[in-house]
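Below: the structure, in structure tokens.
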Amino acid sequence: MKLLAPIYRSAALSAMAALCFTTASVSYADELAPINIVINQSPWLDGFAGLVRRYETETGNKVTLDVNPYAGSLEKQRNAVRSDQSEYDILIVNGIFYPEMYHGGFLEPLKNIDPDFKLDPQIYTYDDTVCFDAVNKTVNCETGDLLTIPVNPNITLMFYRKDLYEQNGLKIPETWDELIANAKALHNPPEMIGMMQRSARATISITWDYWPYLISHGGSLFRDEGNGDFFITINSPEAREALETYVAISKEVGPENPASMEQGDLIQYLVTGRAAHAVLPAAAQSQMDDPNKSIVPGKIGYMTIPHAPGYASAPALGHWLGGIPKNIPEDHKVAALAFLDWFQKPETQIAYAELGGSPVSAAAYESDFADKPENRYMLTMRSASPMARRLWTIPEGSEIVAVLEVGLNRVVAGEISVVDALNGMAAEIEKIMVDAGYDVGRLPDLAN
Amino acid sequence: MSTRRKQNLSVDRALLGFLFLAAVLTIGPFLWIALASFKTQIALLMGTVKFTPVSMNYDEVLFGNTSTFARNFLNSVLVASASTMAAMTIGFLAGYSLLRLRWPAWVVNLFLLWAVVFNLVPPVTLAGAWYELFRGIGLSNDTVALILAHTTLHLPMALWLLSSFLREIPRELEEAAFIDGASFVKTLWRVVIPIMMPGLVSTGILVFIFSWNEFPVALALTNNTSATVPVGIAKFAQENEIKYTQMAAASVLSAIPALLALLFGQRYIVKGLTAGAVK
Amino acid sequence: MANFRGRGSARYFSILPAFLFLALLSALPLFNLFALSFAEVSWSGGQSTWTWVGLNNYLALGSDALFKAGILNTVILVGVATTAQVTIGLMLALACSRVGRRSRIYRTLFLLPILIPGIIIGAIWRLMYNYQFGVVNQIIDLVGLGPVDWLGSSSLALMSVIIVDIWHWTPFSFLLLLAAVEALPRDVSEAAQIDGASKWTEFRRISLPLLWPAIFTTFVFRAIIAFKVFDEVYLLTGGGPGTATEVISFTIYQRFFTQDNPGYGSAMSVTVIFIIAAVIAVAMTRQRSRSQ
């Protein structure tokens, strides 16, 4: 696109000049510039839109929401930050593609706009994904700058049939083995599937569901990416054990055709009363108690994802982050930050929950609102949120996930063995990393 | 002679049977979509055969808090009509010029080849470049930008199909008209267009439908207020929930006007499609 | 009379708008695509850097398993689906034309499937193909056949996608071929009937040769569009299971956009464009020599 830029630039400049004349006359001293937020359509949009209206009434500032299909949210934002001037003042960035925005240098560190700006202490930082160290190119809040404020906390939870647990006197499992035992006790195909997890290949599907297994078995994709060590460890004995557990669950307590299961299928099994457990993002809870969408309202419970003995639970992050692009005028940056600052306040977050949104502050999850039975998922979120783990933090992640999706999917489909898949994926990922200029290696191949 | 007529009748009956069967297979899935639009999500997911129809999906699509369907619809009507008109006019003129007005062979071939090559490019790869271009000339998020883009996108198809229809028409009629002293425009209007009606109508319908359904470019070039129907409908495929029933309602709503237009326009379409037969 | 063929200024004015559109709005993006295919683009500090990598992007195609799978599946899909669509479309067009006025309602109904955006078709058929609850398996169950895993089985998935494509796109062939059939001169077929030629002989000897150019154009055009199949696959299978339904424009989309590798994605597009353009050029020369 850059080749064309000079051709359009002159035209753009004259258009901008014309705009300046018209806007200069209508700016008031105490009123902030109107801002435009790009966001995707979702079940929590109504809550967010309600909050925005409340902000407008309280402050008199103007906020527009440009609502896009989920399928196009990345393209829209990419086009905006790569043009001469972004049409959006706040980007609601997905937890999967934020590394591209961070590494590309598209977002303004929030302290550059206001040196006194601070993240509210009750806001979750979701494994430090709100910060980026532009020098060392790593995601961490010790050396990095604050780039974003979380907007939505979509982490994985284990959805389960509370009523069946009570009838059968089952205990909430801590470890994967305990989960398998419980799932076996309830597994009665085809009427009731013990445990549902995603194994289909998509942009990111099986990888997201495998991630908690990987981390909670002590495995990892890279040796220590928080500190810039990208040595590939996906073919470790821990990763093997994690994948073997994953496959065992699919085979022993899964549906007949696990390799084609997508998120929609999981929800379908659950709401039609045919699954005892399913790994799903927290946002899916909005469909569980609605009688128009579920035949098991009130019967679904939520628990933290299990773990291997001796390790912590590791729900996968799929959250959304709000950031301010660099290529907008100063007054827009100030106005955008003012909104984010208002958004992160404890009282706003509680209001956000009440409006049907998904808060990102401990304040909301510890409020009275969370104690209501219909909001029971919030209690699980309270304990799960601090444990949630990020996936990858480099732009190459989007290429890596394509490798993982195909490899993992083929294992569940029975096309290749666990060991062959892990060795093969490690080799492919090493190639991607080396091609991208990283000086890295990988663990020696696993033996059969 | 009467045996032949009988034979013809039985052939007709067999053909009607064949058409009926094809129609059932064609409409089946569409009917299923229409039924889905009156179900609750759970009834659809359960595969329930007997159900109580509900109107909630239509309510949500048309009057929901964040619904933009009516606006999307108007945008689509505008974009599809304008770009179809433009692509058809431009494509017809160019096709006529290339085939009839003595351009050197290399010009004709280059033009047609370029059109094919451009038609082969996945539209998703064009969207980014067009975004930058239209933003550069101050047309960002403007319906005009999308009309121009759709015209370009579907011009190769119009040009190719119209050229192939044009090739079937004997030149003698135009030459005769010209000798009679008719102007260029008059020759096209009075002689060429009437003969080409079937081709023009079917190509026009296709171009319109392609524009109506186009997604990736429309997504890149529009915002909330200028978005078209497919962009609006895609919003029902959300990150954690595909709203099938609302998607179904939206697709029924978007297909109905086109369907009505086709039904009531039948007479003209059939007329258009048969006009060439009299030659 | 001398300038009839040239028609003076009309010659230029008639082609000018098309030239402008193609030059301004298609040449620039295409040139950009071509240039990108020899580069690698990286972003840092909000600025892009183009690194010229020569033919590296093209050379990398050879070892890309997704590219190979995408090409193979797409060729199968285009071949099977387009042949089926043109055949069925022609049969329907001939039947409608023959039946005449009584086929009016069918002429509209047969167009229904293309009125629905591809993205919906993918989502809805995924539901219809659903293993446990889908209507397709419910119907099959009525005839006493067991449930079929339409989208989950590697050997069936591509077939299932092809079925959807045939359903969705037969109207395209039908419409174009109907126009061609209706334009057939009546007197020819009447003459044949008087001569006592059988229906089949009449069709093969007289109608088919006349229809051949239209069939050819329809086939080529439909094949080109089929080659770009994307929306349907996107929500239907996402390319899976494994790479069973990976189609080339989906591969390009992933490489170009999802993985933000526009250089490599462009090289892939340009390669595919060249291959198809070459195939079309060969087919057209053959078609010309055949019709002359």
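Lettered A, B and C in written order, each chain numbered from 1.
By our rule, a contact is a pair of C-beta atoms (placed from the backbone, for glycine too) under 8 Å apart; a residue touches a chain by one contact, two chains touch by 3 or more.
Just so you know, these numbers come straight off a predicted model, no measurement behind them.
Taking each chain's centre as the mean of its C-alpha atoms, the one that lies farthest from the centre of chain B is A. Chains B-C form the pair joined by the most contacting C-beta pairs. Chain A and chain C have Cα centroids separated by 36 Å. One finds 38 Å separating the Cα centroids of chain A and chain B. Rounded to whole angstrom units, the spacing between the C-alpha centres of chain B and chain C is 15. In chain C, the positions touching at least two other chains are 28, 32, 119, 130, 132-133, 257. The set of chain A residues touching two or more other chains comprises 1, 4, 7, 71, 75, 78, 264, 268, 272.
Chain B has residues 45-46, 128-129, 133, 234, 237, 242 in contact with two or more other chains. Partner chain C is touched in their complex by these residues of chain B: 11-12, 15-16, 18-19, 22-23, 25-27, 29-30, 32-33, 36, 44-47, 49, 89-91, 93-94, 96-98, 100-103, 111, 113-126, 128-130, 133, 148-149, 151-152, 155, 157, 159-161, 164-165, 167-168, 175, 178-179, 184, 198-199, 201-203, 205-206, 209, 212-213, 215-216, 229-230, 233-234, 237, 242, 244, 247-248, 250-251, 254-255, 258-259, 262-263, 266, 269-270, 273-274, 276-277, 279. Considering their complex, residues 1, 4-7, 10-11, 14-15, 17-19, 21-22, 25-26, 28-30, 32-33, 88, 91-92, 95-96, 98-99, 102-104, 106-120, 123-125, 127-128, 130, 132-135, 138, 167, 170-172, 175-176, 178-180, 182-186, 199, 213-214, 217, 221, 224, 227-228, 230-231, 235, 249, 252-253, 256-257, 262, 265-266, 269, 272-273, 276-277, 280-281 of chain C touch chain B. Put simply, chain C touches chain A in their complex at residues 28, 31-32, 35, 41, 43-48, 50, 66, 119, 126, 130-133, 149, 151-154, 234, 238-243, 254, 257-261.
Within the complex formed with chain B, the residues of chain A that make contact are 1, 4-5, 7-9, 11-12, 15, 40-43, 45-46, 49, 64-72, 75-76, 78-79, 83-84, 87, 154, 263-264, 267-268, 271-272, 280-281, 283-284, 286-287, 291-295, 318. Across the interface of their complex, chain A is touched by residues 40-42, 45-46, 54, 56, 65-66, 68, 127-129, 131-133, 135-138, 140-141, 219-220, 223-224, 231, 234-242 of chain B.
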